[in-house]
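Each chain gets a letter, A, B, C and D, in the order it is written, and its residues are counted from 1.
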Amino acid sequence: MTHSQVGASLGFDVTEPAELVLRIAAARPLAETLTVTGGAGTVDVVELPGRLHLVRAPRGRLTVTYTAEVAASGTEPAGVTEVERIVALRPSRYCPSDRLGGFAAAMFGRAGDDTAIVRAITTWVFEHLSYESGSSGPTTDAAETLLDGRGVCRDYAHLVATLCRALNVPARVAAVYAPGLSPMDFHLVAEAALDGRWTVWDATRLAPRQSLIRIATGRDAADTALETTLSGLLTMPELLITAVAGGDLPADDHVSLAELA
Amino acid sequence: MTHSQVGASLGFDVTEPAELVLRIAAARPLAETLTVTGGAGTVDVVELPGRLHLVRAPRGRLTVTYTAEVAASGTEPAGVTEVERIVALRPSRYCPSDRLGGFAAAMFGRAGDDTAIVRAITTWVFEHLSYESGSSGPTTDAAETLLDGRGVCRDYAHLVATLCRALNVPARVAAVYAPGLSPMDFHLVAEAALDGRWTVWDATRLAPRQSLIRIATGRDAADTALETTLSGLLTMPELLITAVAGGDLPADDHVSLAELA
Amino acid sequence: MTHSQVGASLGFDVTEPAELVLRIAAARPLAETLTVTGGAGTVDVVELPGRLHLVRAPRGRLTVTYTAEVAASGTEPAGVTEVERIVALRPSRYCPSDRLGGFAAAMFGRAGDDTAIVRAITTWVFEHLSYESGSSGPTTDAAETLLDGRGVCRDYAHLVATLCRALNVPARVAAVYAPGLSPMDFHLVAEAALDGRWTVWDATRLAPRQSLIRIATGRDAADTALETTLSGLLTMPELLITAVAGGDLPADDHVSLAELA
Amino acid sequence: MTHSQVGASLGFDVTEPAELVLRIAAARPLAETLTVTGGAGTVDVVELPGRLHLVRAPRGRLTVTYTAEVAASGTEPAGVTEVERIVALRPSRYCPSDRLGGFAAAMFGRAGDDTAIVRAITTWVFEHLSYESGSSGPTTDAAETLLDGRGVCRDYAHLVATLCRALNVPARVAAVYAPGLSPMDFHLVAEAALDGRWTVWDATRLAPRQSLIRIATGRDAADTALETTLSGLLTMPELLITAVAGGDLPADDHVSLAELA
C-alpha cells in the first residue's frame, strides 16, 4: 500500500520582527521536510515538545513549506492514559461543558452506554447544525454554536466534545490533515475516550476518518491553532494545504468506531 | 358561578425613604381593595397606566394588602393589535431570540403551522427542563436555561417565548395569579399570537390555564416584576399570595388552545 | 432661520410577499412626504402609533422615498413621565444593566450627582472605546462591547445607556437623523433622565447633538431598527440617507446638557 | 529557620463507588504523609504526574488526611519554559482573554513595560473588585467577574490572569496553601511570566505571597480543583485546611516582585 502525502505552504508578511508558533507537522511521519526562509535577517526555528515549531522571523517575507509522508495504516494508536482522561473531562475555553450539563443529560443521558451516548451526540450534531463558512469566529464557543445552529468544522468538533464531557465521557480535539476534504483545508475533529481508546468522531462527515492524519491534539482549538503569534506583527496572505491518501479513499459510515494513529 | 378571589400581602422594611413600583393588581377585576400603611411619615400611592402602583414610603415598616374579585369567565379576551405583534417579535433581555434562531429552526421549524410549532415548543420545554427551585437567578436568560436544563416558572415562560419569537411567532409573558399552584406563588406564563389571538402556554403544567388571572403583561420578567425599587433601600421579609378559583379547578391538557382574559 | 431637511431612499428586492416595518419618519416634522412603490401587485402602507410604517409588499422591487422638513429649533422637548422613567430603568436585550452593576458602581459610583455620573460615563466611553466599522454585529450587547473595547454608534449608545441604568439613572436610546455625520447614516444616541428632562448623549462625538432629529425612541436597538421584516423574504440593496441642518452646524462640547425635540 | 507546616483533612460520603482526583499535595515538600481510609471495601490510591492523587473508593465514609513540611525558603523557583510560555498565552475556560482584549488595551495598554502592566492590572483589580463570599459560582468566568465587580480569590486570580494574557503577558494560576489567610481555606493566585520568571500576584492581598506554598499549577481553576469526581457519587461534608508559616509572617506590599518555589 502506498503512503499518504501531506503538506502545507504558508506565506507571511512580517511587519515587526515576530515570534510565531506553527502547528503543521504530522504527529508521526515516516519522513518529512520543513523549509523556512525569511527576509533580510536570520530565521530561527526550534521544535518544541508536541511537534510545535517556534519561529523567530525578521521583517519581510516569511515562507514556510512542509511536506510529510505518513503510513496509511499499521501504526498502533496509543491508549488513553489516566492523566489524559482526567484532563479530557475538564471544561475548556471553547468547550464549556460545565454550562450545558442539563441540556446534555435531557437529550442524550438515556442513550445507553458511553459508546451509544457518543454516537447519539455525533449523529444529532450532524443532523442539527448547518455547515456555513464564515458563520462563526475565533471566539465562538460550543454553547453559542448550539444556540446558533451553524458553524464550521471547528464548531462541530467543539460541540461534540463539549456534550461528551458534560455526560462524563472524556473528550478532546485533534487537528488533522484530511484527504478527501473539499475545499481542502486544515480540519478539526473530536476524540472521545471509550473503553480505554481514543475514538475519533467527525460530525461534519466531510472526510473519511480512516484517512485522517493527526497534527496536534488538545482541549479545543486554543491548543491546536495552525499559527499563533507570540510577539511582533504579521499577516498570512498565503496558505495552501495538500493531503492525498495512500490508495483509494475509504467509505465511512461515521457511526462505527475509528481511531487516529 | 362564583367568582375567583385573589390577594397579596407584602411586608417591607424600608431603611432609606424609597420609591417602589408594585405590579400586583389584577388586570380586570370586578372589585378590589388596596391598603398601604407605612412608617412614621406619609405613604403616597399613585396608579400608573398598566395597573402599576407607584409607592413613596418613609423609613419603617411598609405593609401592602391587596384583594380582588375576578370574573371566572365571560370576559372577552382582547385580540392581537399590530403594534403588540411587532413588539412581541423583538428580542428582549431574558428572551434573546436573536441568539438561538438556528437551534429553534432545526428543532421545531418543520413542526407545521404556527400552532403546531408553539405546541411542539411547549411540549419539548415541559419534557426537557427540570423544575428546581433556586436553580436560576434574576439575571438568568432563556439561552442559559436551555443550556442548563433547569429552572422555575420564569425560566420556562422565557424559553417558550424565546423559541416562538425565533421562529417568527410573536410571543410575550404574563404574570398571573394561579389558583391550584402549589406552593402558592406569583406565576409567569407565555402568550403566543396565533390567528390574531393571544394564546396562553405554561410549560411547567403546574396550574390549569383556564383559571389563571392576569396581572401584568410584558416582553419578559423585566416588565412584570412584582416589585421594583426605583430609589431608596428596602427588603421584603413577608410575602403571602392567595388565589382561589371560582368553582372547581378545571383539568388542563396543556396542549389545547386557551386564552387569558 | 431655515429648517432642517432630512430624507431616506430605500430599495428592496422582495422575493417572497413580505410585511415589513419601517422606522424612518421624523418624530415631529413640519412637513413630510412618503412614497412607496412596489412590484406587480398592490403595496399597502399603514402608519402605526410611534411613527411606524407597516408595509405589505408583493414580489419584486420595492422603493421607499421619505423626505421631511423639521424645525431647527423652537420645539419644546417633552419631560420625563413616570412610566417612561420606570421603563427606562429596566434591563433590555442589548443593555443588560443587571449584569454590570458592580463594574458601574466601582468606576462611576462616586462621580457625584446623577448629572456628574452621566457625564463621567459618557466621557469614559468616548475615551475607552474605539470606533470600528464592522467590529460588532446585530446580536452584540453592551457587556460584549465593554469587554471588546470597540463598536459603532449603536454600541456606544448601548454602553452609555447600560451604565446609566446600572447606577439607577433612567436611560434609553434614540434613532436620529444626524446632520454633519460622515459618512452619512442613521445614528443612535443615548438619552438619560436628569431632573425630569431627557438629556441626550453621544459618546461617539461624531455629530453635534443640537442638530439631531429624532426618529424613534426605545429601550435599545431592538426598538429602533430602521427596518424589520415580519414575514416574507427580502433584501435591501440600496440605502441612502440625507440630513442637512438648517443653518450652520453648531459646535458641541459633548459634555454640556442638551435635549432632542 | 523553621519549616512551614500544612495539611488538609477531608471527609466524604460515598454513595456510589467513586473515582476521584485530589489536588492537595504540596508541589515540593520536604516530608509528607497521606492517609486515606475508606468504607467496607478497599481504597486504591495512585499518584499521577503533577502531584494528583487518583482515589478509587467504595461506598461509605472516605477520610483523607494530608500533612507536609515545606522549606520556608531556599528552594530555587524554576524559570519559564518555552512551552509554558506558549500555553500561558492561550485563552482558557475561566480566563477568556480573547474576549476582552479591547478593554485590557484601553485600560492598561499604556502602563509601560510588562512588569508595569502586570502591576497596574493587579492594583486595579484589588481596587475595583469587592470580595464577597458566595458572590460567584463554579461556572463564573473572568468576563463575568469584571462586569459584576465581585468575587472570591478564584475570581481575582482569573481576572488578573485574563487581563495579562489579553496584553500578551503569559499568565497562569496556582493553588496554594496560604499561611495567614483568614478564614483559612485553599487559595488561588495568579502567576505572570516576567523576564523569564513566574512572578506571583494576589489581587485579594489577603495573605503574604512570600509564605504561599504551591499545590497545583494550571490554566485556571479547571486545572486546580481540590477535588474532581470522575465517576460515582459523593459529597464532601468535611474540609479542614491548616497552613502555618515557618517563622513570622512577612509583610507584603503586594506590588513588588515575588516568586513561588
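The rule is simple: contacts are C-beta pairs under 8 Å (C-beta built on N, C-alpha and C of every residue); 3 or more make two chains touch, one makes a residue touch a chain.
Composition by chain, UniProt nomenclature: A, B, C, D = Transglutaminase-like putative cysteine protease.
Small disclaimer: the values here were computed from a predicted structure and weren't measured.
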{"item": "Copy pair subunit B, subunit C: interface residue numbering same or different (half cut)", "value": "same"}
{"item": "Where subunit B and subunit D are represented by their mean Cα positions, the distance between them in whole Å", "value": "44"}
{"item": "Whole-Å gap separating subunit B and subunit C, where each centre is the average of the chain's CA atoms", "value": "30"}
{"item": "Between subunit C and subunit D, centroid-to-centroid distance (C-alpha), Å", "value": "46"}
{"item": "Subunit D residues counted as touching two or more neighbouring chains", "value": "99"}
{"item": "Pairwise touch network: line, ring, star, complete, or other", "value": "ring"}
{"item": "Chain-to-chain touches, reported pairwise for every pair that qualifies", "value": "A-B, A-D, B-C, C-D"}
{"item": "Footprint of subunit C on subunit D - complex, ascending", "value": "99-107, 127-130, 143-144, 146-150"}
{"item": "Subunit A - residues contacting subunit D, complex", "value": "21, 46, 48-50, 52, 54, 82-83, 85-86, 89-93, 96, 98-99, 138-139, 168, 222-223, 228, 230-231"}
